[in-house]
Every structure is written in C-alpha cells, then in structure tokens.
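Should a chain be cited, it is by its letter among A, B, C, D and E, assigned in written order, with residues numbered from 1 in that chain.
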Amino acid sequence: MKRYSQGAYYGVFFLLLLVAPLLLSEFRIGLLAKFLCFAIIAVGISLIWGYTGILSLGHGVFFGLGAYCMAMYLKLEASTSGIPDFMEWNGITELPFIWTLFENPIFAIGAAVLFPFMVAAIIGYFTFKNRIRGVFFSIISQAVVVVTVTLFIGGQHITGGTSGLTNFFTVFHVPLADPSTKTMLYFITVTLLAVVMGISLLLTKTRFGRLLISIRDGENRLRFLGYNPAVFKVFIYALSAAFAGIAGALFVLQVGIISPEMMGIIPSVEMVLWVAIGGRHSILGAAIGAILTNSAKSFLSESYPDIWTFFLGGLFLLVVLYLPNGLAGLVENLKGRFLKKVKKEAKNHEADSLVS
Amino acid sequence: AQTSEPSSETGSESNTTSSSKGDTVQVGILHSLSGTMAISEVSLRDAELMAIEEINAAGGVLGKQIEPIVEDGASDWPTFAEKARKLLQQDEVATIFGGWTSASRKAMLPVVEQNNGLLWYPVQYEGMEQSPNIFYTGATTNQQIVPAVDWMLENQGENIFLLGSDYVFPRTANKIVNAQAEAKGGTVVAEEYTPMGHTDYNTIINKIKSTKPDVIFNTLNGDSNVAFFKQLKDAGITAEDIPVMSVSVAEEEIRGIGADVLEGHYAAWNYFQTTDTPENTTFVENYKAKYGEDRVTGDPIEAAYNAVYLWAEAVEKAESFEVEKVKAVSDGIEFNAPGGVVKIDGETQHIYKTVRIGEVQADGQFKEVWNSGEQVKPDPYLKSYDWAAGLSQ
Amino acid sequence: MSIFIAQLFNGLSLGSILLLIALGLAITFGLMNIINMAHGEFIMIGAYTTYVLQQVFVQYLPQSAFGYYFILAIPLSFIVAALIGLLMEKTVVRFLYERPLDSLLATWGVSLILQQAARSIFGAPNVAVISPEWLNGGLVIAGLTFPYKRLFILALVLISIFLLFLYLYKTPSGRRMKAVTLNRDMASCLGVSTRKVDSAAFALGSGFAGIAGCSLTLLGSIGPSLGTAYIVDAFMIVVLGGVGKLKGTMVAALMLGILSTFVELSTSATIAKVIVFAFVIIFLQWKPTGLVNTRVRALD
Amino acid sequence: MKPILSCRNVIVDFSGFKALQGVDLDVQNGEVLFLIGPNGAGKTTLLDVICGKTKSTAGEIIFDDKISLTKLPEQKIVHEGIARKFQAPSIFIHLTSFENLEIAMKQQKNLVSILFAKMTNRQRDKIEAVLKKIGLYDVRDEKAGSLSHGQKQWLEIGMQLIQEPKLLLLDEPIAGMSGEERTKTGELIQEISRDCSVLVVEHDMDFVRTFSTLVIVMHEGKVLCEGTMAEIQENEEVKNVYLGRSG
Amino acid sequence: MLHVSQLQAGYDETMILRNVHLDISKGKIVGLLGRNGVGKTTLVKVLMGLLPVNGGNVQFQGKDLKKERPEHRARAGISYVPQGREIFSDLSIRENLLLGMEAVRKSERSNTIPEEIFRWFPVLAEMINRKGGDLSGGQQQQLAIARALISNPKLLLLDEPMEGIQPSIVQLIQDVLVQIANEKEIAILLVEHNLDVVLSCAESFYILDKGQIVMSGRCDEINEDDLQKHLSV
C-alpha cells in the first residue's frame, strides 16, 4: 500500500517533467532545467541531512567544483587561441598544467563527479574521524566555503576570479545555444535526476539506509554495536558531494556561467532551505522543494523586483513555522489524518473489546 | 516584470519586432536591487527610469512610449544571466540597460550575444573588451585611469601605493598602472588587494605607513571604501600627508562615507554633480525633485541616464528598434549630456568623454581640479599607448 | 619592534571587534541554541539606530550637543535591537526551541525581511555616521598612534563582557537563563517562567548585537547588507570557543584577531583570510567541540 | 581456566578526581559476575573503561587472555566480543524494534558489507526469536521512540544478545522494570550466560540475591571485597557504606 | 488536595490515558503502580503540565489546573522528580539546588541551601561545586530528589525516584518521605515498580493498566492475587 502510493508520486513527478517541454516556453524550460540541477543537489543534501543528520552549510563548494570542472573544458573549447580570454588579460601566455587536463571532455566530466567526491571524502575523513559533529561540522563546512571562495577569487589568473568562467559556445562542438541542444540537455538532466534519486532510494530502503538513521539518532551508540560511523558518514557525505558535482556540471552547460559567488555561503544555505521546504526526510520532497522554492524565487523576483525578498523571506518563515517537515511532511500529515480516521474506528473497537 | 506577454515559441530572432508591438516599446532594466551591490545599482535604475520618463513625456521614441521592465540581478552573476535571458527571450525587449560590476557584464555578455540583443553598460571598467552587442557608456581605462595616473605622477609624486578589491577591475587597472608608472618614471611601492566586503584596514594602513608612498591609487569597491577611509583618518593620515586617488568613489559613496573623512582626497571621473553645464543644472534639479533633496548624482548615474538617451537617438536615426540597424547607425551619435557632449564611437561602441579630476570638498561635492579639455576617444585595448603594448595581445 | 606593537594592538583591536559582534550570538546561539542567521541584521539595526539618532541631533538639537549623541546611541541601539529581538522571539523563535536546525531557516527568512525593510526605509545606498569629535584622532605613544575609536571599542567590549559574566554567573536571573537554555521543560517544572526568560535572553543577545552595530559605525559602512559581512565571523568565533562557553568566545575572538593581523602583515588580506579560516578547520580537528568544552557523560 | 577478562590496577583520573583508583578484577568464562557498590563507587566508569568509552589513565585490561583493550577504539572492542548496555536506554528512536535489532545483529559491519546486505531468512528468524524473547514481538514494527522506558530497556538488552558477545556488560538492566519483568530479565541473564560471560551492575539486592553466584563490591574506586551474596551481606563495611540496616 | 477525574491525555494523536481518576489528600503518600508502558509517566507529566489535557478534570487545592503552565503549577506547590533525572548537567550542584528554590515566593527565597538537604544527601555537600553532569547515576538521582524537596512543596510527584540509588539511601529516602509527609503535611504521588517500597511507605495505592485505573485501595488491605492479576505480564 505504502510502496504503491510512493511509486505513484514518483511516476507523476517524472511524467510532469517529461511533458513539460510541450507546455512551457523555451526560456521556462531552461529555467526548469536549472532547477532540476538544484533538485539533484537537494537529493544529496536530504541524504546527509534528513537521513544521516549531517548539516552541511557548504555544499556550494562541491556544486562549484563540479561546475568549474565542466566549465574549464567548455572554456577551452571556446578559446580560439587555446588560452582562455581572462588569462590573456592577466598576461598568461601558456596554459597552466591543471588546465591542460581539461582539454579532454571525458576527463572533465569524470572530474566533475570524482573531484567533489574526493574533496568531500578528504574533508569528511578528518572531521568525522575526529568526531566533529553537529553545528561544529556545519561551521567547518562554512569555513571550507570561505577558504575555497577566497582562493578562487584570489587566484584570478587561473580561475577567472570573481567573474568566474563564462562565454562558452559549444560542447562537443555542438552549439550550446541551439534549441535542440537545450532540449537534449534538459532530458539528460531529467535522466540524471532520476538516476540520482534511484540510487538514493535504493540506499535508504536497505540496511544501509537504516544505518544512516541510526547515525542520526545516536552515532556513539553505534560504535558500541561494532560500527565505525565515520566510514559511513564519509561515504554518504562524499556521495552527496558527487551529486552536487553532477548538478554543477549540468548547471554550467545550461546556464553558461559559474562564479565563486555560486559556491558561497548564501547559495550553500539556500540549498539547505530548498530541502527543508520540500521535506528533509523525503528524497522526492527534497527535489520538489528545490524546484518549487526556485520557481517561487523566480516568480517573485519577476513580479516584484523591488521587494521580492520580503515575500521570499516571509515564505521561508511560514514554511518553517507551519510545516516543520516541509511539503512532504504536509502530504504525510494529510494522508495520515485520513488513514488515522479509518484506523481510529478500528482501534476503538479493539479497545472496547479489551476493556470489557 | 510588471508586464509579460505570452511568449512566442519562435525564439530569439524575432525579438525586436514583437517588443514594439502597439504603441509601446519595451526595454529591460537589469540592476542589483537586492544584495550587496544594491547600494550602488539602485541609483542607476532610478536614473534610467527618469530618462525614460523624460523621453516619454517628450513623445517617446519613434512615436512609441517606452515601457521599462525592471528586473533584479540580486548581486549574483548567474542571476544577471538568467534575467537577461528572460528579458530577451520572454519579454523580447528592444534593449537592456544594466549591470555595474564587470562580472555582471561578463555574465550577460554571452546571453546578449547569443540572443542578438543589446546591452547598455553604464559603469567605468577595465577595458579589454568589445562585444558587438554591448554599448559601453562609462569610461574605459584611457578615459579615467590613464589620465589619473599621469596627473598623480605630475602633481603628487612618483611613489604609488596600489590598493584594490580582489576582482577583475582593480587587478586589470593596476596592471595598467604598473606599466604606465614604469614607462613614466613612477614607482609602485606596494600592491594590495582585499576581499570584497573586507572591513579591517589597520594592517594595510600599517603597510602604508611603512612604505611611505606619495599617493594611494584606490580601486576599492563599495563598502570597503567606507572602512578604509574612516580607518585611514583615525590612523592620523590626512589628505595632506598622503592623498588618495580613487576611481570608484563618486558622490553617492561620499555620502555613505562622510565628507569629513574624505575631504581633500581625489577622484577621477567624467562627470561630477558640480560639473557646470546648463544641462547638468536641470539634470540635478530633476533628479532631486524626483527622488529626494538628499539624493546626489554622480558619474555612473549620469552614464546610465545618457545610455537611455543615446539609445533613443540611435533608434530614431535608424528608424527601427532592430539591433542590427541601431548598431549600424550608432557611430557619431551625440547627446548633450549633463557632463558635456558625449559621442558614440561606432567602431568600439564606447563613448567619447571628457576626463575630470576632482577634489572632495567639505560638503561632499567635488571641486574639479583638472580636465582633459576635449573629449577623449575611447581606446579599450590601449592600442595608442606604446607602454601598453604588452598588456593586450 | 614598533611595528610589532602596532600590529599587536591591531590584533587586539580586531579581536575586540570580533568579540563584540560575537557576543550577542554567544547568547542567542551559544546558550539558546537558536542558529540566528538574522544576527547580522541586528547589528545593522544598531547601526541604523545610531544613524537615526545622529540625524535627530543634527536636526533638532544645537550643534554643541552633537558630540554627545554617541553616548546616547549605545544604550539606544541596545534597546531598539533588543525590542525588535523581543518581537522576533515572540513571533518566530518561540516556536523553534525544540528545532534548532529549523531556526536557521526561519531566521534566514527574517534576515531577508529585515534587510529589505532597511532598504525600503533608508534607501539602498550606504548612509554615513559622523563620529563625534572626541573620538577622532588617537593617543600617540612613542610614535605609534592608538586611535581613540579603537580604544573606545576595546573598553566597551571589556565592560560588556564583564557585565555579562556578572549577570550569568552571579545573579539568580542569569542562573535561570542558563537553566532554561539547558533544559527548558525541567526549568519550567521548577517554577521558572521559561517564556519570560527566553524572551529576555533573546532580547539580551539582540541588544548586544545592537551595541556592536553602534560601534561599527565608527569603523565601517552602514547599509542594508551590513550584517552579511559579519555573520560568518560571528558564528566561527562562537563555535571555535565552544558553543555556550563565554570564556571560549573571548579567547577565540582574540586569537583570530591577532592571527589575522599578523598573517596579513606578512602576506595579504586574501591569504590572511584563507589562513584564518583554515586555522579554524584545523583547530576543530584537534578540539572537536571548541576551545572550552564540557565532558558529557551521556552517550549522545 | 583463564579468565575471559582481567583488569589490573586500572586507574581513571577525571582531571584530578580519581574515579577508579586501581581496580583489580577478573571475570571467568561463562560466569555471571555481579558488581555492586555505593553511588559513585566507579562501577559505570569501570564498564566505560572496558568498552572503550573512557580511556584509562593507567592499568591494563586483558580480554580473552591476549587482547589488550586499553588502546583499542570502541568498535574494535565490540568486534572482539564485548557488548555493553548503558545505564540510560540508548536505542535508535526513529527505527522500529525490528530494525534496531537488524542493525545490532552480529554481521560484517564494514561499509561494503552493509551497502550490499540482504536480509536472509536465517537472520530474520534470529531477529524474531530475540523479539519474542524480549517480549517486543507485537510491537516490532513500531518506532522505538514510542516504547515505554521499560520496553526500551528490553530492546537494548535484545540488541546486546543478538550480537552474540563473549562478554556482556549490563549497567542496571532492571532499572524501571516491574516485578515480573525483573524475574524474566534475571532468567534471561542466566540463559545468556550459557554462551557468554556477563558482568552486571545492579542496586536491587533482591535481584542480586536471586540471580548471583559471585558478587564484587566496589567502593571509592576500588574493589572492596568479593564473595557470595550471603558472605557479602555479613560484611560490616559493606553494610556501612552500601546496604544499610536491612541488607 | 489533588483531584483527577475522567482524565484523557496522550501524545499528539495517540491517546494514552483514558478516563483516569485519582485523589491524593494532604500528608498522604499514594503509590502508583503498573507495568511498563501503561502510562504512569504520562500521567505524572500531565499533572505537571508537560503534556496537555485532552479531557476530564485536574484540580489542585480546589483550583482547576488544566490550563496552567508548569511553572505556575510549581509555584502553586507542586514539585517533580522526573524519570530520567533531568538535572542541569552544565550547572554546578549548588546551582541545581538553588534552582529548586525558584518555585518559592521571592520574599521567602533564600540563597542558602537548607541544612537538612545535606543531612539527607551528604554526597551533595561533598560535591557542591562539581557539575551536575559529572555525577554518577545514583548521585544525580539524589540531586533530583533534593532539588524537588528544597522548595517545601505541597504535592510531590516522584517518578521512580529510587532508580539507581544504593539500598541504604533508598531506605533513607523512604524514611524522609514518610517523615515529611507527616511533619510537613506534604502529599506525595509515588510512581514505583518496587512493590516493597510502595507498601512500606505509602498509605494507599492505584494501579494503572492500559491507560486506566484498574484497581485502588489501602496498602494494608492489599490482596496479593488481585495485585498479581494487574501487575503480571
């Protein structure tokens, strides 16, 4: 019964995504594609936050690393002289070694996934091994953001500085601006979202998923059951970083820019907000949260460019105050209320028979 | 944002025609209205809206009323890209006025190019760029930085301390200053960058004290200027001791810093609120009447205002809103701007401008101490300067 | 040698400023466990209060009175920020004590609203606060200048910290506050009015942020997004010191202040920033619950 | 026969306060050893040291005649075969009773094994058997958080059982249990002791009397004396510091 | 003194207590018995105001308590030792004890801890400046009881107070309870698993099962068979 209804939700969700291109304008589909990238991040955050209890306020970094990996390849493909334009302004005449690797698209795509995975694994290894938890971890993740952003801005001659990397034309020599390329990318994004959600569902429905919940409930307890929670945390953290990396790569392909600002504190906190709004304990909820929050943001800022942050702030407030488990929680609640009615009647019978 | 027509599925090619359906023409205004850059950019929006209102009152352009669609870039570059795309694809505006930071411009650049749109960018910048779809109405380097450095070397001394925010404009500007100083017998005693939003300048000030420069060339952006100047004064360094030459401090920034702190320091611009032309008197009056007595004008505000007029004149001349046609006729278009006559250079799509250096007075206004006399031809790649040969490929 | 002393003073001064911005957060976050992302906006409120008071003095009082506005601005910033904090506690924070992580999200919303409110009321551009004449200039000792403003802030921080310590550790009211923040239910079962204490604590924390904002007008810019510049630093310090540990907060602020100035002197501001934050990361590896910590016997 | 666990001169110093001041103690194979003593005597601390939660300041703890425990991390100690029940029930409140046992169950506990773990029939039977044994079979699919205090205690004991340890450390296992459940727990402990050694800390003298063979009394961080309950009861010092008049 | 009738209460949507009746009068010790999970703790929490009342009546000294917050109940003279101790782990023993005084009216509140507390629980005097969280389980339990006694309550709610306490002190606490009930006329609700403890110090008892009072009476007239029926699994 439960499994069945859950399947139905997923079915409707992906069906809507598949027919969306028929219903929306090219620009809106572009936006939706961007939101789907964000949904991929949200799924990863739901894994570590909702399931494992790790609150990362620094996932922007992994998103950014994935995005930069992809962007470096695109930038090289767009640079006629073989050297990106901003390097020329900075007086660099020879392509730095690290950049030469990204001439190979396979490497770039692989790196967009593996590089965030590895960086997260390293950070996670030390912090989790040293039993840094809760808000201490969250603050470390913010410090990582500050360090990374500052380095990317400071290393202007290699990274493009504040402006980031932009002005790409082609991917695999196919023009990025072509409507067909855009449609293609949209469907690739939908597919990858499906894959990421699938992996996450598989993980959470198995013993591994229950272990994640145990880590959230009491990781010290777990040690005395013979587990080393750090290993599991590192894995799930790195996995969610890899998801963010995938999202970053897709983002760059569709939006055409990545800048250090995008890895900053504000986007990183916003990512958590999407998940909270959708429902951190639900994979689908998190994804929908990302899409809806960003839609609301776009809609509000288009409708009220002067004061939209009033409304956005108010929205966050209301959701948190009145929907503690996000939209998914609301759905559960409504469903629960309905089921409970049925159950209650049954239970009353049972209770009566017990007393008599 | 206020209006949005149902989009046509045909995409980008037809934008210029559908934007001018009926008796209105839509234009996009895209500045940061929220986030850290809002402190500067909101005034640009105001200036552009004022110009649009004036033009509409005078009968509009090609007989159509201009209808602005305002969007918020939110101090975030990908958002600038998204909103520019929205304006061009969804609203199919005839042109966009927008941006402040170079990063925001660079984010919008591919979008306007791919959609064959038009962007008017109103802020002084670091040069080295020339997009066919952008008109640059602020100064390029040879209309601000280069003359400012010449003037400093001549009037203040040869030891220059470079201080800037860590982003593309200051870094590129300082590269130019280095080359220029070397060629002209100046010495750069130190080059320091601070992250955006940096607020503690004590250590930098100690470095200034120990390097004893004759002048500080300041490319700090926004908020950092406030912290820097306040703390410089507290450390006991006055404009008499070491003057600061700024290129991003206009009247509005002075208002936020406090004139008492800035008195005696210098800035290089193309326009001051005190610039003495009849057009400027009206401009300042109108601006204050519309937005409040306590508001001030300034160079980027004027450049944003000019942009709207220049576009309107180009449209009139082309008798079309189409980007290609507007561009084709742009060369030589003149506007009797508040800061004096400006003229579009069709080749670079930059503007001929007069360079001015001013000294901050106790009332927060500039006293002009030098100007270039004639309008300086824009040279974004500094091709006409020998010492700059190594700077651009 | 003289540069060393000058830098040491700068470090202390920076540390005192960091402490000032973190002090309020040490209460709302450290003690009450509210991840208050709007802390920066309370700093902003303090700064704008100072600005408004200055305008009032300029407009309605004789020139000679102007010098004193700042003396009045400190308590007024405290009160205004505390009142707005009180309002926020009653309408938002109150529902989030059992959900610290949600507090992060709700207060983020509050922060957006407050920023926009400032923009709507005072306009987007920065405003200027003219510092009173008696705070201009500095003490010159052996060729070194110690700006009065920095000395003033140093003293202000010392007094604030002293009063806060006194309050928390020597008064019954402070004890109640600690009890409520440690175990709200049990405190109420003992007869403590948790609602009053919660409101008071949050208002107190917000008030300190207001004082910070007031003092920051001496050094930096006053604009709608003023708070965003300080929020991360403030959290960093409270956490580095050990959440809920006032002493830790103090030491952490001074440590970061001094580290930052000395690294910046020999490198650049950018590298200093990287190193300071890297230091926080590494330090926490060594002391995973901050500088000052309590051993807990409970498992989780 | 060699003892399964032997503590030699174990000292724990909490920044100046010596909670353990040189404890010597052996647990024999298959034995149920009761540890009693006044509040604050150091019983919990001793269990903490054995299972690795607290690091000893000095001394040696040898398990299974060869393994030194003092340097091992917690999960390694568990792998060696020591299970620990804490004083306050600590279970995973968002998992059901069944899932709690599934996590606790003896199995490969590394990342890869868990990632690909499948519930076998044998494992399911084992979990269900334990659920029945601890009386939670009927609530196996309810979130452990909504169990009552006593039920949580039971669940936790179950989680130790299913690990099939060699040595089981129980800290006040019957706290919060009512009469009959106490008896059942006692019987359970005796049943367990057929497969493993058990070290029990308890304050309920009736319980100790009923189920103990050997009792060790701790006082002020040291072992005060040992013997059968009958012997202990007669010890004047034990009466003074611990039992009081009725003991 | 305390009068409970037709009480209904529970968590969110699950009703735990259904139709509970209970009376406690001045100076009397009343035992509350019941198997694990029948709702004893729930009942005590409802009485203290930590859980809302969904139906029925709770009156204390003739006043309706239903809507009162815990702190008002505390100030009205109800004192509480929770299951699980709930001491303030970060505060010193002294601070913990002083907090027990919060329920006392301001004018009568003192800053010193009454001598008798240390007479009953000497270990607390020894460790007066240590942190609550550092204490052993039984020490914490003693602290929780001391903290509840310090305010001279009119009604004392004890949820398994003897848990984890060494036998000699269990006896002592029993004596103290009887003594204060007699001397200070404090009413005591004692939730306890240990039948012996209840029988030796309580005057009457209630047995709770499945959220209802299924048996009550005086301790000296207790019928073993009935007891077994309700307490066995």
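Basically, a residue touches a chain if its C-beta (ideal position, glycine included) is under 8 Å from a C-beta of that chain, and two chains touch if they have at least 3 such contacts.
These numbers come from a predicted model, not from an experiment.
Removal of chain E in thought leaves the touching network of the remaining chains intact as one piece.
Looking at the partners of chain A and chain E together, the chains they share are C, D. With contact taken as defined at the outset, chain B and chain C are each touched by A. Most remote chain with respect to chain D, judged by CA-atom centres, is B.
More inter-chain C-beta contacts link the pair D-E than the other of A-D and D-E. In whole angstrom, the spacing between the mean C-alpha positions of chain D and chain E is 29.
Separating the centre of chain A from that of chain C, both taken as means of CA atoms, is a distance of 32 Å.
Between chain C and chain E the centroid-to-centroid distance comes to 42 Å (mean Cα coordinates, whole Å). Separating the CA-averaged centres of chain B and chain E is a span of 74 Å. Among the residues of chain C, those in touch with two or more other chains are 115-116, 228, 270, 273, 295, 298-300. Across the assembly, chain E contributes residues 134 that each touch 2 or more other chains.
Those residues of chain A in touch with two or more other chains are numbered 150, 153-154, 217-218, 221, 309.
Partner chain E is touched in their complex by these residues of chain D: 14, 17, 37-41, 43-45, 87-88, 135, 146-151, 172, 175-182, 184, 203-206, 241-247. The part of chain A that touches chain C in the complex is made up of residues 55, 126-127, 130-133, 135-136, 139-140, 142-144, 146-147, 150-151, 153-154, 217-221, 265-266, 269, 272-273, 276, 307, 309-310, 312-317, 319-321, 324.
Across the complex, chain E meets chain D through its residues 11, 14, 33-38, 41, 83-84, 123, 130, 134-139, 141-142, 160, 163-172, 193-196, 231-233. For chain C in complex with chain E, the residues that touch the partner chain are 172, 175-176, 178-179, 182-183, 185-195, 244, 294-298.
Of all the residues in chain C, the ones that touch chain B in their complex are 3, 6-7, 10, 13-14, 17, 115-116, 119, 123-131, 136-138, 140, 145, 147-150, 218-226, 228-230, 260-261, 264-265, 268-270, 272-273.
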